[in-house]
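Some structures are shown below for you to check.
Common to both upcoming complexes is chain A, partnered first by chain B, then by chain C.
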Partner chain A sequence: MEEVTCYIPRTLDEALEILSKDDCTILAGGSDLMVSHKRTIGVDPRFSKSVMIIRNLPEIRKIYTEGGECHIGAASTSSEIAENPLVPWHLRQAASRMGAVALRNSATIAGNIANASPKGDTPGPLYLLDARVKIRSAKESREEPVSDFIVKFREIDLKPGEMITEVVVPLSEDDFDYVFWHKVGTRKANAISKVTVSMALKFEDGGSVVRDFRVSATATGSKTNRSRDVENIIIGKEISEDLIEEVAEAFDGIISPRAMPEFRRETCRRCIRRFLSEAERRRAAGDRRKMIDTYDGYHMPGAPEVR
Partner chain B sequence: MEKTISFKLNGRDVSITRNPLSRLLDVLRDDFGMHGVKEGCSEGECGACSILLNGRMVTPCLIPLGAADGQEIMTVEGISATPEGDCVVQAFADGGAVQCGFCIPGMVVAAYSLLKKNPDPTDEDIRLGISGNLCRCTGYDLIVESIKLAARRGRDLWKK
Partner chain C sequence: MTTDDISKSVRRIDAVSKSNGSIKYMCDYELPDYLWARLVRSSIPRGTIREIHLPDLPEGYRFVSARDIPAGGQNQLSMIANDWRCFADGDVRYVGETIGILCGPDKTVLEDLYEKIKIDYEEAECAVTIDEGLACKGGAFVNGDNIHCRLKLEKGENVDDVFARADKVVEETVETGYQEHVYLETNAAACKKIGSKYQFLASCQCPFYIRKSVAPILGIKPEDIVVQQTTTGGAFGGKEHFPDVLCGPLLLAAYVTGRGVKIVFDREEDIEFSVKRHPSKVVFKTALDRNGDILAMDSKVYYNVGAYLASSFVVLQRGCFHVAGCYEFPSFRTEGFGVATNTFPSCAFRGFGAPQTLFAVETHMCHIAEMYGRDPLELKSKYFIKQGGVTSTNGRVVERVMIPEMLEQVLVASDYCRKAREYKPGSGRGIGISFYNHGGAFTGNGESAIIKARFRLKKYKDGHVELFCGQTEMGQGFHTILPKIAAHVLEIPREMVIFDDPNTDRVPDSGPTAASRSTMIVGYLCEKAAKLAKERYKTEDEFEIETQYEHPEGYPWDQSSFQGYAYIGYGWGVCAVEVEVDPCTGEVTTLGVWSSHDCGRLIDELIVHGQTNGGIMQGLGWASTEVLDNVKGHFKQTSISDYIIPTSMDYPKQECFYVDNPYQWGPSGAKGMGELVFNGSAAAYIDALSRAIGKRISSIPCPTERVMDLMLHGEGLDSALNAAH
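Up next is the complex of A and B:
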């Protein structure tokens, strides 16, 4: 069996140069590719085209803020993201609950996005926060919202010669009064999500009218779900029981979970109800604690105990 | 395609000419005789193969050899030869953490990596720290106790 060429570039320029000549499979952490290409003990994994290993490229492992945005190098690992206080809260939550310690030290953010699995954990927060991917080739550089870049299940908008170099997340944290992130897995470690829900809300200054509300969910269809139309139902209005129900139902209308649909639908509805009603309760009570959890002691049907 | 890949293995400079897409797990076991690196699941789920790459715990069943180029690797063999690693190994033996032993090298790496970062872990910290390491025998309780023992005994070691 002919072995494919494997490149190990030392700089980003070198990597882009290689990509311009040879349409490679880009390997970052390897946590998806090494599983999907594995054969058996002692036998090398088999790839169908050249492979370029970018795991250790220093230029794409940096995390910094600039111009009110957080820039996350494509090969930053989940651990690096979870530990970095510059990274927005929702994304740190998602990164800190991926896999277990060792997985988080390998899994990269670009790998999670490019894998384009609806069960991937970082796209939830990335959709919520209007994040973009920065894409480069030897000649060009472009940016695209993550929600457009992920076209559908296992399909991304990446042309031969291109790679993701950065993920850019607008820092809207201070623009939110209340935030929510919840993952339902089968167990605490190395659990692929059954569903994750990310939400954020901002009231008009000193008022009871909603200025911004956002909700996204993963593992509830062929890609991560978010819809401005659904969010607009409550934006510009005061939170009421009826509106909460309307939002929960409208969100239910945009998701299309295949396996365990009722469980996933019910989880989303309950998370939305919980978040919006608790945000309103806290606002009215002058309670400014930002983080809203799932119900204390409340048990999602069929889900593991929430700590 | 073969390439010469050089890295630091347990403090020594080494190099190997091989397919850079070979699993680091196979290279460590077959070419370097590091048999403490165990293969359980082959897909990142069990932690039996855990090693440190640049001081961070990873599972080499998911890592191609080429990704180790120019990097630093410590296996359980190297770790046990340090005072901190020896402290963990002794605590596992004295604390009755070991039954069949298959998961133990990975557990030692996980315990070492945890205590290096967090010398005074709670039970919850310990359980999270080893949550990617599966054990079919012990039910984990004595492993957790042994890690606490290592934290207590090695107090001065870990905090330095």
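Up next is the complex of A and C:
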């Protein structure tokens, strides 16, 4: 039986030192790795190279704000993220609906990014909010947008000797007038995403012209989809039905769902229509309620009043 | 104390040990001198085995297969039919068919060896779906036509004559999918020769089934085998016959190695390689008059049986007996076909064939009503069968049918009439309603002709009473129910009654824990024994009483023609479900579930309530999220993260009602109920959903993406059903 070394460093420096000498599989919460490496019941999981457990490194478990940005330690768990008011709304939503409680108590944000699953819960909001990952090795440190760091399905831009230490999210969310996050899960709780759409919109002060609009979707391609070109269609303009359709169609053009394509495309289209038209309706009515969901309880044609 | 209300809930006997984790399940047994085992299975659906390449096996490791069966032994599992082979030999007929069993002392080494086994096959074309089976894709492999079994039932005027004069004859096909049991505890068993007998420990529903099924492999008698049931963490029918599939190879491995051998499935293995609910296809042909009232109903019922018949003919029979639902149609005919395919054999699952046809008839009735712009409830209400009504097997309903009273409870609680009127088709909200029943216990004279249940009660000097029967606790509450029945009659505290997990050497064979028969049949034998014991209890130190099943006189059944009283005690149910659909995504939110059930008199309200909640939810899962695809013989969903069973968040609100309708031959008037409560929620849910989106739905499951598909492309509720040719 082949054995591998398992390191449990006490400090970040120690961890980086180990990484510089031994190309380890980095294990934080283990909620993906322990599953993908498991064998049958009663038999230990099998790893092909050394494992380094970074779960308890104090340097990478902090959540704080600095310079108008929210810094989230790489080993922060979904539960910690979901509960922390410093964290932007979209990301808290995503973290709070990831898997079941036990999973949320162990899964980490860096793990969710590094797993590079197109169904991952946090990348949608992270793309939307222009988040970056901080990466360190024993010699250097660098930063990269999450959307570049995740190259494609199961592939990330992490070199041997490097590890993610922090996720930085610009705090632009207070600037948004209206926000949207909706996960279509496999069921109401403990669910994997079938498709998730995150959106945000800001009007020019006191006006009807869109200053900023963003939309990202997960489980709609080999990685999370977002395109500034699509968003620019409506930025600087007033929301109209024609523009909404144009945005919805343009967004449809950038996604490439393999399974259930019609369902995923149609859901994105309907969510975009719903969000933009509802945002415009609320703006015009002076309705400042920020959160928009897929429907207000109940409003299909011919529907009776909701009690 | 006999006046004590038997329905009043007591704390379950296993409540604490199952909540705090102290109770031992099969995988908790240390059994240090036992070998571990791993089943080696076919990875192709159909073909011949060219060669099995085994790695060099270290000392103490052994691969056991069909060729190790001793002279006089048979390579078969003796279930109801005896066609399921213990080991594939020469050819394989489904993915997951056992080819051999690998055993050895170290589990990790065993796993390494297992991964190195390579099997060369010559693969043949396979049939996976009902249609492919019927078309004999790849060539018939059963009976020359791939029909494992068939039956036909007729009642009233010849349906063809009615068709000839009907205003309209419509056709519709209703389909249901696979369902996996997802019991909490996966399958597990162990076997060792101790003294002159082979001793099994098994997580199972029916210890006597195992004994009978595997004994022929070694050419020994069932009495040479002892089966001790271990605490069983859920079963739902998945541990009725299926444990035989583990226990057969274990027995041979114990024989060959002379050692104890133990097997515990992991979850993926258990989902991928275990029995499932039969997928079904029911083709209706229904004659209607000018108003859309039903003159005659003809149906063809197809069940996907898989590669071996095993217990499926009985499942198909029950399906056909329930295809008329709770209705009495003037003219009725059905033909059932058990179709052979190269898939894992289908087997028992809560409802045992009844849920498929009940879903089909309820859904078909809705569609007929909607085609004429009528409320489904109005159409269905015209045909409710009553006491004395003639059943599809030309027997009669013996008991009072309380559907009107139950319907009233559900209508009041759910506000059905207002909602059905106000929620327009396609409005995003819908309410649906279904009616269903379940024949209690074995069909016809099965209890007297086949099972012949026996029960024993023993009184000890210290006043304790012990109950002896083969009935198992699998989470449904029987360890609480049976002592409660005895204590109630004897007027002694329940704590004075001992009732342990059965051991086949200690208890008489009281038949399987299946068919909603435990309380109804064995509970009644227990009540009878307790009544006989009551006088002697005060005067005698120690004594035993045995009771045996007697079929009530005057309710004949002919098993060769399937005519007569199929069941003398039915459970009845009414269920309403209200849903709301997300217009952006197709997600369905279930707003409420209201049910009423007649299961005679309740032995324990809380246990019945628990069964009702669980059964309804399991039915809703079957109807909505529990997608299980079989592609080229392989199940595609193999873990609980992709085989989606509901959580309590999915169906949070349920209101349950019951009617008191004591059954003459049940303990304190109780009837079967464990399966009944599964049988109806799927149809009510689909009725509600189809009204909410204004589209006809004639197959399940219907997960979110299908709701979207139907919203985009589905047929409207008022569109005409196809005219029959």
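Methods note: the second predicted complex is superposed on the first by the 296 of 307 C-alpha atoms of A that agree within 3 Å, B and C clash if a C-alpha of one lies under 4 Å from a C-alpha of the other, contacts with A are read in each partner's own complex, and residues count from 1 in each chain.
Just so it is clear, a contact is a pair of C-beta atoms (placed from the backbone, for glycine too) under 8 Å apart; a residue touches a chain by one contact, two chains touch by 3 or more.
None of the values given here were measured: they were computed from a predicted structure.
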- Task: Scan A:6 for contacts with chain B and chain C and give back first, second, both or neither.
- Result: first
- Message: Quick check on the superposed pair: does A:190 touch chain B, chain C, both, or neither? Answer first, second, both or neither.
- Response: both
- Message: I'd like to know which partner A:31 touches here: chain B for first, chain C for second, both or neither.
- Response: first
- Which holds for A:285: it touches chain B only (first), chain C only (second), both, or neither? neither
- Scan A:45 for contacts with chain B and chain C and give back first, second, both or neither. first
- Which residues of chain A are in contact with chain B in one complex and with chain C in the other? 40-42, 44, 188-190
- Item | chain A contact footprint on chain B (complex, rising order) | 1, 3, 19-23, 26, 30, 39, 42-45, 47, 50, 53, 56-59, 61-64, 66-67, 69-71, 110, 113, 128-129, 131-133
- Message: With touch defined as at the start, can you tell me which chain C residues reach chain A in the complex?
- Response: 27, 36, 38, 107-109, 111-112, 186, 264-267, 269, 422-424, 426-429, 580-587, 589, 625, 641-642, 644, 646-650, 703-705, 708-709, 712
- Any idea which chain A residues touch chain B in the complex? 3-6, 8, 27, 29-31, 34-35, 38, 40-42, 44-45, 47, 51, 53, 55-56, 79, 99-103, 105-106, 188-190
- Interfacial residue positions of chain A with respect to chain C in the complex: 1, 39-44, 182, 184, 186-192, 194-195, 260, 262-263, 266-267, 270-271, 274, 294-295, 297-304
